[in-house]
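Quick heads-up: structures coming right below.
Both of the next two complexes hold subunit A, though its partner changes from subunit B to subunit C.
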Partner chain A sequence: MNWRVLIAGAVVTVPLVSLLAAGFGRDPKLRSNALEGRDAPSFSLRTIDGEPFSLADAKGSPVVVNFWSTWCQPCKIEHPVLMDAAEAYGPAGVHFVAVIYQDDVSKVRAYLNRAGSHWPTLEDPGGRTAIAYGVAGVPETFFIDKDGVIVRKVSGPVSQPIMVTTLEEML
Partner chain B sequence: MIPELGRAAVLLGLAACSVGAVTGMWAGKTGREDVWRWTRWMALAFMISIAVATGLMEYALITHDYSVKYVAEVGSNETPLAFTIVSLWSSLDGSILLWALILAIWAAVFAVKLKDSHPEHAPWALGSILLVGVFFTFLVSGIANPFERVPSPLDNGPGPNPLLQNHILMIVHPPTLYLGYVGMTVPFGMGCAALLSGRMPTSWARAMRRWMLVPWACLTVGIILGGWWSYEVLGWGGYWAWDPVENASFMPWLTATAFIHSSMVMERREHLKGWTITLVMATFLLTLLGTFMTRSGVFNSVHSFTQSPIGPVFLGYLGVMLVVSVLLLAARVDTLSPPTAKLEGPWSRDMAFLGNNLLFAAFTFTVLLGTVYPLLNEVMTDVQISVGEPYFNRMSVPICLGILFLMGVGPALPWGRATFSTLVSRLAVPSGLAVAIAIGCVATGLREWVAILTFALSGFAGAVTLRELTEPGRQRASKLGEPLLSALMQTWRTGHRRAGGYVVHFGVVMIAVAIAASSVYRSETEMTIREGKTKSFMGYDITYTGTERLDEPHRWSRVARFDIDKDGENLGQAEPRLNHYKKMNQSIGTPTVMSGLDEDLYLSLVQVDPEGKMASLSVVVEPLVIWLWAGGGVMLLGCVIAGWPTRRRREDAA
Partner chain C sequence: MRSLLLALALCAATPAVAAGDDADIVEELANAQLPDPPMEDPPEEATAVARTERLQKALRCPVCQGLSVADSPADAARAMGNRIEELVLQGYTEDQITEYFVDRYGAWVELEPPKEEHQTLFIAPFVGLSLGVLVLLVWARRREDGEPEAVPSYSPDPALSQYRDRILAELDEEAL
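Right, the complex of A and B next:
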């Protein structure tokens, strides 16, 4: 018996099969609470059209900050939910903001022209805002209340019920 | 009647396959010719039974027999005949039946081809292949039974997934990919045979390589056709998105490519036997992993079948095969004869092949990690994330450049140790060409280092390949005074394996250049044009001439017409469309691609207003895309040249 081969094989096999087994029955819309209850990191960025946007200017209103990219399939699944929510809750005073995560502006612009958007889309040079928010992957959405506190962070695409419940709580 | 007949044929196939697996192992153990003969008969019976089952399923699909569960799921009276036929692989249960059929065909061909050769190994190998067949046929007979009877059948069905009936490539892409995927079972069985018999003679190594070459070629073509399908159908002007299921087909291709190279070292230097067999096993296991990814519902992908109970069963099988493979390797790898010669280095072809294998292994690991990382992250932190293009591009670009470099260096180096003067004489011209290309690129205004490096290294690898391809012919012509062309033909004929390999390298160079150019220098825009008006982009004048509604039994389409001019010359009419599939309530676009040798114009219809007065479309101009598909064709040509049967091979077999 070649023990080196056996050990190397076990090192690959056991974690891989365990991981795949753990993948069954998982809810893909689980959320993390790490940043909830803290002040939202401030940021001042420019939109893809060159307009300035600062989180501080939106203080006093609920804000939804969505980190996304065009290469992310779950983001595209989420897009219609954001569109509906922005249409329904925008007039009620909720600000929707999208921050581009590791993507080309040209691709973003092309996608938004096709899919539409009711919110400013911000460039994030060097990913500094994503780092400040601890974004590990996209999509991630932060719900910030009128006082600038993160009340909920959703990793993965936000579902319609979670979107509606959270916005109703914030208003 | 079809449900019962189909099920009976599958059960017969399962019985034949099970008996064949047992007798194969028995024949391998005892060397009994009569038992080996039974194994071969069982392989043929397996193939005939599954072919009958598949034939019955096709008959049920074509005659719209909705008493068969699978037909009720994917059939429709309105679907055109060609897409009705191919709907065999449009859903889970049918695709597993196709899988079993292709495996049965591979097993039968193997049984016939190796009837009188390699008596020490062939029974073990066929037994192992049939053992894999038992699992897939078991799935078709039970948990993924497509022949289940529908108690109260309807008189029509929903039809196949619209994406799968939107382009003719769907007819060829999946079966080609399956031929490659499933075909990897054969070299796996041969690797098991080497381990079980404890011997790996050169003739068996050579046979293994040959049996790997055919599925490898099919997988190569299948992957490229998949990219082409995605390009022609999905409407975003791309051909590769690092989707989990794309990755699933790419990973076994990487390990199989590594195997093709390491098997040459094994054949030449009697070295890397354990590693080469590990690659064969990894290739097969990665095809199982890929199948699991597509069918378990654990991974999110446009290719995935819906969640099904097959996932846990498949994972159990994958786990068992992993454990069996590791145990077999650990227990038997030391019984293979030790190497007779040392690997020379560092400047030798041996070491270049070793380097290439390490890069392919690193590439496989990178892709595997990126594919399973979202799942790992979700399991560890309860957070679902998406690892997309940035990760894969950042990781794969340096590896691909390294492979391209070694593709040039490796063939230029001799087996064994190279002297400095050999190095200089063989690499001076290609290196000079690479530098000249890089300077030329910068001088013409290109600044993107990835593209420049790719073009330079492609020139380097292409020059070495051309030299290696023509050198023997030139030497022969000067030695024997033959005309150059006939000398070249003669050397290509006698050394067709070598020549075929270099032709494949040419294809890879073409693909590398095409990918670099089309991804780095792609331009895109969105525009809305009023009827009769013209808009310009990248030198193309696009005139919207109107729209039309086309009605077909299974869908209706909105076709927009655009006149395309470039530099005052009319290039013809583009007709991108939006297809609305009635049964699925889903709209799917069909872009128009106008391909040229230098660039493609890609038009995708986004929207047309109800009166047809305004059309919005996405326009992409991508350079050199056609060379990607052509490169795939050249790779296939190389495989055909390399795998062409010869007299020596027939002697080998005897």
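Right, the complex of A and C next:
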């Protein structure tokens, strides 16, 4: 066997295969959570019923901010998890807030009338709050601790174990 | 003057909000979430348009695959484009606006990553190519200068000569 050819082949193929393995081994849609560990961007919005809501008013309590829309099926799958969590942790002082992402308020109202909700649902004119939170698809959920710091961001529907674990850590 | 321009920009970008007469909310929304004030005065219209277009082409649509904000028809891209326009009209510089989006979405949001931060990535292919050419040249030079490879010499085994002679004789007979 010609060892020199073998070594030359390995020098070319091993880095190439490693590069491809690294590239195909991760989901290209997953991106770094740029805001984790940093202060949550402030926002003052109105609920779909016209009531004002400011994130600053909730400071001192853990807050769960969920970006969602009615055209997003995973958001509907996630809805019961949020309902259960709001029911269980709302009395313990956790604030739940939903922010509408690129959707029509009438559709949101109709959906919430059917599915119910235990939290204020906020309109986000111009999508500024979604941009401030770096939302790149829904659902995305931000867990904000008592000091106003984002401790976790979940892209995609939040599972019950993740919801419970994160909230228990924040309380 | 600045607030007038801001109000005009917001009217253009978000008619739904402006129509709601919630001036306080509009003002708060426009200024919320921005860590630093604008570094410049609001630019003139032509400058603002050019800056907005450059930024919309340089930043990535957050819900698309490889499309800029300018090229994408998605609602999210439109919202981002409007936000860029608002910030430009307020006097935020291109660097400030880019930093604002990178801060939220990560470096991924820039379609072309800044070269100074990823120099290795840009240089690596040229280094690899140069090394490959160098190896080939060295190999070719050695091949030219080196001794020709020795051809193994054939020396018939004397013990087998009788068989060889017999085969050759038979072949001769068949040929006749």
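The criterion applied here is as follows: the second predicted complex is superposed on the first by the 138 of 171 C-alpha atoms of A that agree within 3 Å, B and C clash if a C-alpha of one lies under 4 Å from a C-alpha of the other, contacts with A are read in each partner's own complex, and residues count from 1 in each chain.
Note that in this section a contact is a pair of C-beta atoms (placed from the backbone, for glycine too) under 8 Å apart; a residue touches a chain by one contact, two chains touch by 3 or more.
Quantities reported herein were computed from a predicted structural model and do not represent experimental measurements.
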>> With both complexes superposed on chain A, which partner does A:Gly137 reach: first (subunit B), second (subunit C), both or neither?
In response: both
>> Just to be sure I read the superposition right, which of the two partners does A:Ala110 touch: subunit B = first, subunit C = second, or both, or neither?
In response: first
>> Touch test for A:Leu35: subunit B only (first), subunit C only (second), both, or neither?
In response: second
> After superposition on the shared chain, which partner residues are touched by A:Trp71: those of subunit B (first), subunit C (second), both, or neither?
Replying inline: first
> Residues of subunit A touched: more by subunit B or subunit C?
Replying inline: B
> Is A:Gln102 touching the first partner subunit B, the second partner subunit C, both, or neither of them?
Replying inline: both
> For subunit A, which residues belong to both interfaces, subunit B and subunit C?
Replying inline: 31-32, 102, 136-137
>> For a test of understanding, state which residues of subunit A touch subunit B in their complex under the given definition.
In response: 1-3, 5-6, 9-10, 12-13, 16-17, 19-24, 26, 28-32, 69, 71-75, 102-103, 106-107, 109-110, 113-114, 136-140, 155-156
>> Going by the contact rule set out above, which residues of subunit A touch subunit C in the complex?
In response: 8, 31-32, 34-35, 41-46, 52, 102, 125-137
>> Quick check on the complex: what are the subunit C residues that touch subunit A?
In response: 13-14, 16-17, 22, 25, 28-30, 32-33, 62-63, 75-76, 79-80, 82-83, 86, 101-106, 108, 135
>> Which residues of subunit B touch subunit A once you look at their complex with the stated criterion?
In response: 241, 243, 274, 292, 296, 298-302, 311-312, 315, 318-319, 322-323, 325-327, 329-331, 333-334, 372, 374-379, 381-390, 524-526, 606, 618
